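For reference, chains read A, B, C, D, E and F in written order, and residue numbers begin at 1 within each chain.
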Amino acid sequence: MTPTRRRRLLIVLSIIVGAGLATTLVVFALKENMLFFYRPAEVAQGLAPVDTAFRMGGMVVDGSVVRADDSLAVQFDLTDYQETITVQYEGILPDLFREGQGIIAQGKLSTQGVERPVFEASEVLAKHDETYMPPEVADALEQSKAARGETTP
Amino acid sequence: MTCALIEAIQIEHERNGLPIYQAVSFRIEAGQALLIEGGNGVGKTTLLRQLAGILPTRSGRVLFDGSELDEQLANARSQLLYLGHRLGITDDLSCQENARLWQKLWGRQANQDIVRSLQSVGLMGYEQSRAADLSAGQRKRLALSRLLLCPARLWLLDEPYSNLDADGLALVNRMLASYLERGGAAILTSHGTFDPGLRGVQRLVMRAA
Amino acid sequence: MTCALIEAIQIEHERNGLPIYQAVSFRIEAGQALLIEGGNGVGKTTLLRQLAGILPTRSGRVLFDGSELDEQLANARSQLLYLGHRLGITDDLSCQENARLWQKLWGRQANQDIVRSLQSVGLMGYEQSRAADLSAGQRKRLALSRLLLCPARLWLLDEPYSNLDADGLALVNRMLASYLERGGAAILTSHGTFDPGLRGVQRLVMRAA
Amino acid sequence: MANKQKKNPIVLFIHKTGSPEYFYKLSGRFLPWLIAITTILTAWGLYQALYVVPPDYQQSESYRILFIHVPSAWMSMFIYAAMAVMAFIALVWRIKVAEICAMASAPIGAAFTFITLCTGALWGKPMWGAYWVWDARMTSELVLLFIYLGIIALYRSIDDRRAAARVASIMALVGLVNLPIIHYSVEWWTTLHQGQTIRLTGPSSIDASMLPPLIIMAVATKTYFIAAMLANARNMLIEQDRNKSWVRRLIGDAP
Amino acid sequence: MRAGSAQVLMAMIWRDLRLAMRRRGQLAHPLLFLTLITVLFPLALGPDPKQLGAIAVGIIWVGALVAVTMTLSDLYRSDRDDGWLEQLMVSGHPMVLVAIGRSFSHWLTTGLPLLLLTPLFASFLNMPEQLLSTLLLSLLLGTPTLSLIGNIVAALTVGIGRSGFLVGLLVLPLYVPVLLFAAGAVNAQAGGLSPDAHLLMLAAIATLAATLTPWATAAALRTSLSSN
Amino acid sequence: MRAGSAQVLMAMIWRDLRLAMRRRGQLAHPLLFLTLITVLFPLALGPDPKQLGAIAVGIIWVGALVAVTMTLSDLYRSDRDDGWLEQLMVSGHPMVLVAIGRSFSHWLTTGLPLLLLTPLFASFLNMPEQLLSTLLLSLLLGTPTLSLIGNIVAALTVGIGRSGFLVGLLVLPLYVPVLLFAAGAVNAQAGGLSPDAHLLMLAAIATLAATLTPWATAAALRTSLSSN
């Protein structure tokens, strides 16, 4: 092997080794949870931090929304179909906020004076899925699902 | 007038207590030139910077128009032009913009317009070029045009011949000759590789201390 | 050997689409020197930087040892030393430290030790001085010592004579003469104010495009 | 010189289109068509998006901004990739036309990135309840804008056009790492930004009735990009080669 | 025959502004820097809008300080390297003109653009809206002082290569009072108090700086230049 | 006759470190900068220890980023101005050695000292103590990447005068992932999560940077130098 060839081989080898090592590390990293994002079930189990702000995501429970008459304050329950956590918020809600809709709330847990922790949200964001369809199609889908005895997620 | 334009009496320069060169004295009147010679590192640049008032002179006296340089620095400075190893050219301006700036700050020599001066130092066609794009010799020529554009009673020139081609050397000599004739005075350094061939030139050979 | 050490065939240089100088050709063998002449701004520095491979050569061919320069740039470069307007001196190192660094990177010329080389370029007593504190001519001399310290088959020297005193000019000529005798080759620029007075020197006069 | 004839056809093709004169003439022939197609498609696509397609079951009318947001989001990434490919060609084969095309793409890509950010923010307020959230998709898109701006600034701050293009090309290649991050961010992290709707392979989760304007706009933005890039590149080329014989001939020919 | 002071001042400011234009994008630089800082902080802190809003003033003011500081090491450097400062010194014109001119053009190219874009940064960082006018006023009164004081330090370090961090070290302590009163003004407003006292102090500092710093800068320039 | 690669690398690193010593205090500069930032923030925010503690990680990491960024515009500049880079290019030694050597010596003189003094800054800013080890680990894994990426940008801008802010614009977007994962690690730890995922990502980025950036830096140097 000429010196230049050997140098090239060395270069290629080192790049392959480096890239391989990096990929392995990434694969391991992606297996772990990296975000301050909790489901109501995790919060109920006490996994969520107490003093730090975090995000909680889930569905707004049907019929749980209570609006105050004189202010923008609102209270509702959030569920992941395992556990339910009560959320309090004061502010304007996004258009997409409605019962049965997925939302993400940013805020802190408050444990004062209540036996069940209440989530005090500083921000409520609507999280919709990636499905787009006309209302009629959605209705039709609903009906056919209902006919088959399923519920919409 | 009995007093010289500039007179140096046994001046020295020391750096951290060590003298750089052996004390020198000279005296120049209007219309005269002084050529400072000496080997590399002997202190020519240092001396010139002292005369321009950039470096302090702590022993010996420099008289300008008969009175201490230190006491009328601003006055003396407003009557001289200095051309050092660093040429004082603004790289991001064009030749013409540089020249206009000099005229604004140093005043305008009677009958001198910028384009004509640039042409006479051989920069015709480069008026709009960015100064940074000039070659080593062209930069030197641009700096020399300051001497044409701005009035002064004394020129302090550090190696004005370096980086110039044969044509450039002749240019410097022509400029010097006509300046001295008009009553100017000049102090210049050179390595003697080129003889200015002017009349009335004193020579001063410096020696390391 | 029938092929030249370095051969240029109708090379040009263009900047933003404009040619700088009229195409040049030359051919140099071991033991020969080429003196490039021409007025200020004609393109001498540019040509030398092309030969050193710093600037690209987009039209014409440069052959080193008979094969394209572009295709063996690293090999060609390891056999030449280049001295430009910027001297490649590290200001905050002493002369000796600079020299030691050069030896480490460019290899050590047989029988050359640092102190002796510094002495022979006239920097005796400045071995421990910070390079920044040297005068213009002394810096040039320090840069010249690289030629003594490191081996090479080709020297590319841009205005090696500038800023040097008479003694310094003689030094450069002595260095060149003995180098050519030992089979080296050199390409240098100069403004013709000083005639190297060497045997076997070709001259190339460049012209602006 | 013998080995020059054996070069593979791709390199040969690159070299041929890489001749400034050939490129200039060829692109000049395409340009009017591209402009015409772009205008027609954009008008048609916008009409469809605003008046023809049905509203969404959840977002009702405001989802129509999708037809601007999504095509420009795609373009912000597509243009970067195209620019990087051209930058690579420019660096390896030193082809001037590739250098110029890469640099001509950067401002267009930056513009699309900016549009994506703006439309996303405007859409986010009613839907999510916030103009801006620091989630991975949005952050990485913002980073993309900065990278574009950096490339443009770098290109402009060097005098020699060719050297400037080469330096900026290296930066373009370095910035390439950001593209997979933008695309996969919604999968790797739980983002507020929704996941993938349109898939090239497998079923998309958008109703077929809503697809036409999206496809039309996607094509229109592509033709717009090609047209704008060519127009930019032609100007830059003329400017750089203004002293070359082919430009002189061109100007001489002109009536 | 020589030009009068006003003319010299004009010529020098003209040169600075022209150079700022030539070195394209230089104008935009402090802005970009502040933009990047306002982007980096939310990233590093995690996206809690309330927390962010509470420290927005701090981020903007510290960002502005750092942005201005970063321009300082280049403020006189290139003028020194190309011999222009030397020429000005030998010209016999008072150095204080150089100091005044440079301070002014420095503010025009750094402080002013920062001021103009601050509303954008503030909304980006969720700063409560009613604080904006006070923040702007504090910047209007504070940034000229930053330029004036910065000029002294730039002049002091002009003879030193690679002075970036030395400049930072020297200047940031001098900037502390400005920062205190400026942030104090906005924080007072946020806490429901009147910001006037702080703003008056800022104005006082600015007046003082405008009258005194040019002399210090001029002296620093002269000394730095004659040291080698 | 010429020196081997390892020897050349050693010689270049030796030079860098010697220069760092000579230019007295250069070593201390990023440190001083971070010190000043950690002092300025409490001043701008008012000293609420809890609030301060919550944003301590942000301040330290953003400070480190900015400190490193500020060193970049000078990283190759003086070597270019005095012709040393030109000489290295003409020497025929692979430019990638220059890139590797400079990246390493840059880390030794910026990242490492920052790492060593971080415990001090952290306690100054009231950062909860149990976070310190994660913070240090994140700096250990993150700062080499900063040096490596910074070298590319420094090399790209070496031909441009007054490049300070252009450098910032180019480099900070590239630093964003490092910042995200580094701050993410500490924030995760603070919130009771495991920081491992973030640290693994940091390690991955560092490995990738170490294998790829020297080539980019070398190419950038070659191109920038041949631009005039």
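Here, a residue touches a chain if its C-beta (ideal position, glycine included) is under 8 Å from a C-beta of that chain, and two chains touch if they have at least 3 such contacts.
These numbers were taken from a predicted model, which means no experiment stands behind them.
Considering every other chain in turn, the ones in contact with both chain A and chain D prove to be E, F. The chains in contact with chain C as well as with chain F are D. With steps allowed only between chains in touch, the distance from chain E over to chain F comes to 1. When every pair of chains is scored by its C-beta contact pairs, the maximum goes to E-F.
Computed centre separation for the pair chain B/chain C is 30 angstrom, with centres defined by C-alpha atoms. Spacing of chain B relative to chain E, judged by their CA centroids, is 37 angstrom. Here the CA centre of chain C is 47 Å from the CA centre of chain D. Centre-to-centre spacing of chain A and chain E amounts to 44 Å, using the average Cα coordinate of each chain. Residue positions 85, 91 of chain B are each in touch with at least two other chains. Counting partner chains per residue, chain D has residues 130, 133, 139, 146, 149, 153, 157, 159-160 touching two or more of them.
Counting only residues that touch two or more partner chains, chain F has 23, 78, 161, 166, 169, 172-173, 176, 180, 187, 226.
Listed in rising order, the residues of chain E touching chain A in the complex are 46-51.
Across the interface of their complex, chain D is touched by residues 30, 34-35, 37, 57, 92-97, 101, 104, 123-139 of chain A. Listing the residues of chain A that touch chain E in their complex gives 36, 53, 106, 122-123. Looking at the complex, you find that chain B touches chain E at residues 52-56, 73-82, 84-93, 97, 101, 104-108, 151.
Taken together, the chain C residues at the contact with chain B in this complex read 38-42, 45, 85, 122, 134-138, 140-141, 159, 161-169, 191-194.
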